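There's a structure below that I have some questions on.
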Amino acid sequence: MISYILRRLAATVPVLFTVAVMVFLMLRLTPGDPAAIIAGDNATTQQILDIRTKLGLEQPILQQFFIWLGSILRGDLGESFFFRKTVFELISERIEPTLSLAFLTIVLAVVIAIPLGVLAAYRQGTWIDRIVMGFSVIGFSVPVFVIGYLLIYIFAIKLGWFPVQGYQRISGGVFPWFRSLVLPAFTLSVIYIALIARMTRTSVLEVLSEDYIRTARAKGQTEVKVLFQHALKNAAVPIVTVVGIGVALLIGGVVVTESVYSIPGLGRLTVDAVLARDFPVIQAIILAFSFVYVLINLIVDLSYTIFDPRIRY
Amino acid sequence: MTAPASSSPVAETAVPLPAKPTVWRKLLRSPNVIVGIAIVLVMVFIGLIAPLIATSDPTAINPGARNRVPMATSTMRMDDGTRATVTHYMGTDTLGRDVFSRVVYGARVSIFIGISVAILSVSIGLVIGMAAGYFRWLDSIIMRIMDGLMAIPAILLAIAVVSLSRAGLASVIIAIVVPEVPRVVRLVRSVVLSVREEPYVEAAVTAGTPTLKLIIRHILPNTVAPLIVQGTFICASAILVEAILSFLGIGIPPDVPTWGNIMAEGRQLFRIFPHNILYPGIFLALTVLAVNMLGDGLRDTLDPKMEKRG
Amino acid sequence: QGAANVLRVVMHSDLRIIDPIWTTAYIVRNHGYMIYDTLFALDSKGQVQPQMVDRYTVSDDKLTYTFVLRDGLMWHDNQPVTTADIIPSIRRWAARDPLGQTVMGFIASMDAKDPKTFEIKLKEPTGLLIFALGKPSSNVPFMMPKRVAETDPQTQITEFVGSGPFMFVRDEWKPGDRAVYAKFQGYRPRSEPASGLAGGKVAKVDRVEWRVITDQQQAINALQAGEIDLIEAPSHDLLPLLKSDRNVKLHNWNVLGNQYTLRFNHTTAPFNNPKIRQAALYALNQEDFLKATIGDPEYYKVCKAMFVCGSPLETLAGMEDKLESNFAKARQLLQEAGYAREPVVLLHSTDLQVLTNLAPVAKALFERAGFVVDMQSMDWQTVVARRVKRDPPTQGGWSAMLTSWVAADILNPVMAGFFNASGDRAAFGWPNDPEIEALRARFARAGSEAEQKQIAEAVQRRVAEAPTHVHLGQWYQPGAHRSNISGWLEAPAPVFWNIEKGRGA
Amino acid sequence: MTGPILEIRNLTVQLPKGADRKFAVENVSLTVNPGEIVCVVGESGSGKSVSSHAVMGLLPKGQLTVAAGEILLEGENVLKASANRLRDLRGTRMSMIFQEPMTALNPVVTCGEQIDEVLRIHTDLGATERKEKVIAVMESVRLPDPIKMYDAYPHQLSGGQRQRIMIAQALVLDPALLIADEPTTALDVTTQAQILRLVAEMQERRGTGVLFITHDFGVVAEIAHRVVVMQKGHVVETGTATEVLTNPQHPYTQMLINAVPTLTPPQRDDRTGDVALETVKLCKVYGGGGFFQKKREVRAASDVEIRVRRGETLGIVGESGSGKSTVARCIARLIEPTSGGIVVGNMDIAKLPERQLRPHRKHCQIVFQDPYRSLNPRRSVGASIIEGPMNFGVSEADAIAKARDLMKLVGLSPDALDRYPHQFSGGQRQRICIARALAMEPEILIADEAVSALDVSVQAQVLDLLDDVRKRFDLAVLFITHDLRVAAQICDRIAVMQNGVVVEHGRTAEVFANPQHAYTRSLFEAAPGRNFQFARVA
């Protein structure tokens, strides 16, 4: 098990290296020039050139890459072109909102989606199934920002239940924190719920046709327990897999959701950094997101052993 | 012992089993497929005849008639000095462009993006996936690269790719294709890996079938159904991702009408002039919904696993 | 802290850089006004008034200026402000600001006489010195402590100690989220009432928080919901929402307003030909741009005066028949100029609300005049990067781009950057026009307002012949605030002293 | 209780629309008395499972519905029982064992808990009492070390042990009726024998009535008191075991019993043809290596030496996992042997790379076990048959002409060449596979469990066909099976494999008459009904 984890962690190295190379090259080939942006609207060409030199953008790309790689390996993510802050500082002050949002979204999604999916599978072919599946297809079809605007309009502006925007740090109390995240988390979770509910339904359906379900019924077990004790646990592996894969979706959604709700998280930071061509920040964030993604999927793989004793690493 | 085989009663006739309903028949029995196809066809049709039904040039600006509500009319001064009166069925946007015309023309671009992304990612993924699945030595190299690509969240990758070159149709399409490819590769590879163990493939190997023929004849067809299904989902998500990229301000250039664009431009005025986001939103969601339904329907009918469950 | 004493503000953009000398970005200028003070300042009537300076004298030959600082000036680290801080501050500013560079050309020496008194000697007389020290907008000559002011002008400062009415709370500064300012208890305001950027800067709230809400509509939602108190620049299209809300008031804080501008690239075809540039001047009209971006006539003004309507140098000279969308005349000029249908590469910025709709209008008007237009859309940051590229338009360069100026920045031909026609040394677009340059040099030396006015007229006439850029009309950006907020000053920049936050809604 | 435990009266179960017939079972009646084992036999699809599921009330909802009849469990009509009552009955009065012990147990719950679940549902016993009871019942089904096994997961047990868990679970509350739906089909002969003995023993000890479903007449002969024969949803014959097996009345029963191969091999002459195939110290090790993960090594074949002459059938027998298929796949060069030689003709093909191998492919053809997956479902059977010859340069017309001849040879109409695999039955498909193999004019034909998936009657036909083509084309046949009866009938010589090693090798008659190796002996002893002489009716 330990050696499996180590091997998997080792395997992330080439993955992240690929990511690093791709991201780096992509950014350096972009037309935007961070120096011009830093210099401001009235800067002269010479001023901009000076800044470019200062930022090390005038060196050959390969050299820039190895300098960057070297410092990454030393654990130094570099310094933002814009803010007088290290990338590490920036990321660490932005991480709380994003983590909170992601956490709440996942919890919300799992709590809502799994019972829905099980129900749909159990009542396969009935109107309940159709409604759940219909909702899940619609969840995939409506852009996140539309959902966001609608929720804001109804629940924040018309009903005034939740704040329109903004994020409250958890240090300022759990309730304000929670309140500020309800709408964003719900917005973000729609597509996630759709995904998980759908996968839950499929894999529970698959499991429901298994012999051991019949065995459980032959023992005289009640349907609810058959569903939640026998079926769900066996269906868990594909479900947690999709929860893990869905994190990619979530990261994409975070970018939009944080924009809509003005949440100062990593998603906003990404957009801001991309629009400003703040290369060190973009590089670090994409690398960090990729790492998290790989890590989450490693955790997901490890969690298989909890759900399925046949899986051993 | 029984009588010699050649005279045995079961052996003579060839069709003891009832004919399986053909795939087509089954497809046409699936409400998802029918509704999906119908809506998609309507949208494609709208896109095709856009020049006929659009009430004005979708890019023609008219600063004097901006932000009109649906069904309002406006007059446009022409170059030759005449004035034309237009009814804006879906109102106008902040530049006074006719939203209805833009939505109708937008169908072209949005659907084009969906379809071309689906075709591109499926075909690229197919080739790479086949290679990875069939040639063991290539497998680990390809899969490592694919893992790398997969590890970058799709939207971030798209954002990065779009900012790569000037915003335009091509870069948006590339941006959406790139993250989809590894998913297709994985799918194809898994199909290839399982199919190559099938006895009939092994039988073809013992029959001396050359590798390329083997792949094309015996393995490729098995990927068609899952790929069609996957393709529809890619198509749906491409249309959506385009809208999201537009929303973040890095999509197709705003003068080209796409549903995503119209919504992105209209989003600031959502509270006052919801029509800018409502109508393209309805078209977009309807299309994505239809394509997703089509995909679901296809999967239900084409995926033998689902079939077993009946 | 009582909640009533915190002013929560949404600014037009996010504060990322904090050196107002190093960058010209307006948000950084606004930040400068929060924490720094200036020697002179423009009052609400456009007159330069002493601010940190208590009094000053000019010698009869108009060559020696002697300044005496006010009593009680303190840095945020509670050190007194002395002339040792002032002189390096002026130097650092002058190293970066175009007007500062011009003025520096006149200065022979700057000397501190004692901690309170310093002296500037000129080589030849200029009317610009005091005006420059009171320059209201980017780059503003903000005064910084000696150790900070001695930072290399090409390097950003890392310390944020000023002597203004607010202090920067560095620990709470989270780019992309918020910047926080706390009232500086040691600030001694002037005794005069506040007027424009001049007068007594009395901080009447304990804290000012600049919150980042990138989505315009969300900012307005937040204001209406009372989650924030003030929006510096709400989107014009959304103003109707605010007008109908009793809890919100609109406030036109920048009375001079702003000016839309189209800039030509003078180094490549087609706009390297003055006749073709003039054709453009004929083809365009201001109304279309203003309608398409601002919409409500209450907030825009068609104004053919390049140095801003309502300013001392306002004039119609040379522009009478231009900017009327006279396509026939434009076509004729194009023909005369032998326009070879080279495409006009028009940069279109898509992410700044106030600029987004300009390029499509320009494209439409250009096309009707017979130009071939290749409009390329990109975010503002890319425009900023792109416009300094001197490559041919087809290889990553450009032909024309649109932007907006704060009126206070373009009040005369010397301070307005786009009139600099010194070729390679000029701002992007690189016009090369010795005639304009000569006029600008004369303007700098002009002693009287009448003379200045006459030179300005000549400049405008020349520009009407061989345009460096096209002014596309004036517009006004009202701010919005909750109705319990009062005391927002009318000034070229948004300032937060004098603002009071009442209790209740 | 003196009356019958189970009485099914005129049971008719309706199939959903579009199924191959209207009723899954029609007018089925049968009785199980206390302490009696009733075997239900019949071909696949005859309705055995449906009947038993109807008793348990486990018919899939909405798909299969009982149209008529009644099912009396100790006099109570279970068809009329409420859902709750039915749940009460299950596990207490009637219980069921299923065919696949792996899939019938929940893989993610420990074995002990699965037995315990029955107690939790139906009794109020405390945790310790329950555990004691579970351990006791596990002991009674002879599970070794029940205390340890309580916490084991199903996958950690062997097939036989899993099936014991199933039985323990079924018997823990002493039900009156035990239904066993092909409980041993998936097991090795040796394990099967143990389980059969166990069922008989438990039934005797507890006086349970057993409804035992099987398609294997050997099993019937071994344990049945009475037999019910089903065909296409109807009961065609019932009677005591001896009556039915020795004196079948219905033609269908007669046909079935005739098709059961005997365990006594017929006398055969030694084959003297040239050696067509010889393996020299053939070894295959699976797994090992791997870049980022270590794979477990499996030594599936070690030092296998076999020789087949033309015109000869060599049988390879052995239990599941003994390496039979591995040897076959090495010889067909679908996989590369780890070491050793494979001499075909006079060429060692063991290590040839794919490109050089291709010309030799035609010498050796293979017929696989699963008739449903051996033909490409997307290609007409004609296309599948002519593919091989055309790869070797035969013109399409010639290949088709030959395919038509071969179809006739395997007893199918040549017109069927245009049809697709799904339009044929399993037996017919297996014939087509044989035709496809023959189209290559091979010298060696490998049949890997080629008849194991077929019903006894169809199995007999295919075996005849194989023997027929062997003679006709002077083929060397490598016949792989786990069924000793089948091996006895068709093989000239037999190799017995255990754990990848050939433990015994000799003429069929000699090996059967006088097995040398202990493993071979245990294998023979386990063959169900080995002492029973089935009736042969002409």
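Residue numbering begins at 1 within each chain, and the chains themselves are lettered A, B, C and D in the order written.
Note that in this section a contact is a pair of C-beta atoms (placed from the backbone, for glycine too) under 8 Å apart; a residue touches a chain by one contact, two chains touch by 3 or more.
To keep track of the chains, here are their UniProt names: A, B = Peptide/nickel transport system permease protein; D = Peptide/nickel transport system ATP-binding protein.
Predicted model only: the values in this text are computed from it and were never measured.
S.K.: From the C-alpha centres, identify the chain that is farthest from subunit D.
M.R.: C
S.K.: Starting from the mean Cα coordinates of subunit A and subunit D, work out the distance between those two points in Å.
M.R.: Once rounded, the distance between the two centres reads 49 Å.
S.K.: For subunit B and subunit D, let me know how many angstrom lie between their CA-based centres, rounded off.
M.R.: So the centre of subunit B lies 46 Å away from the centre of subunit D.
S.K.: Express in whole angstrom the distance between the two chain centres, defined as the mean CA positions of subunit C and subunit D.
M.R.: Going by mean C-alpha positions, subunit C sits 88 Å from subunit D.
S.K.: Quick check on subunit C: which residues sit in contact with 2+ other chains?
M.R.: Touching at least two other chains: 215, 217, 221, 351, 378-379, 382.
S.K.: Give the residues of subunit B touching no fewer than two other chains, as numbers and ranges.
M.R.: 163, 166, 249-250, 267, 270-271, in rising order.
S.K.: Among the residues of subunit A, pick out those that touch two or more other chains and give their numbers.
M.R.: Answer for subunit A, listing residues that touch two or more other chains: 31-32, 149, 157, 259, 275, 277.
S.K.: Please list, in label order, each pair of chains that touches.
M.R.: Every pair of chains in contact is listed here: A-B, A-C, A-D, B-C, B-D.
S.K.: Quick one: which bits of subunit D touch subunit A in the complex? Just the residue numbers, please.
M.R.: Going by the criterion above, the answer is residues 56, 58, 62, 86-92, 95-96, 98-100, 103-109, 117-118, 121-122, 153, 155, 166, 169, 292-293.
S.K.: What does subunit C use to touch subunit A in their complex?
M.R.: 14, 16-18, 23-25, 28, 96, 98, 138-139, 154-156, 158, 174-178, 211-215, 217-218, 221-222, 224-225, 227, 351, 378-379, 381-382, 384-388, 390, 396, 403, 417, 424-425, 427-428
S.K.: Okay, in this complex, where on subunit D does subunit B touch?
M.R.: It comes out as residues 20, 63, 255, 258-259, 291, 329, 332, 334, 354, 358-359, 361-362, 364-366, 368-370, 373-376, 378-379, 384, 387-388, 391-392, 408-413, 415-416, 419, 422-425, 427-428, 431, 433, 436, 440, 457-458, 460-462, 464-465, 468.
S.K.: Please give the residue numbers of subunit A that touch subunit C in the complex, ascending.
M.R.: For this pair, the touching residues of subunit A are 31-45, 47-48, 50-51, 54, 82-85, 90, 93-94, 149, 152, 156-157, 160, 163-166, 259-262, 264, 268-269, 272, 275-277.
S.K.: In the complex, go through subunit B and note every residue touching subunit D.
M.R.: Within the complex, subunit B contacts subunit D at residues 1-2, 4-8, 10-20, 140, 198-211, 213, 217-218, 221, 310.
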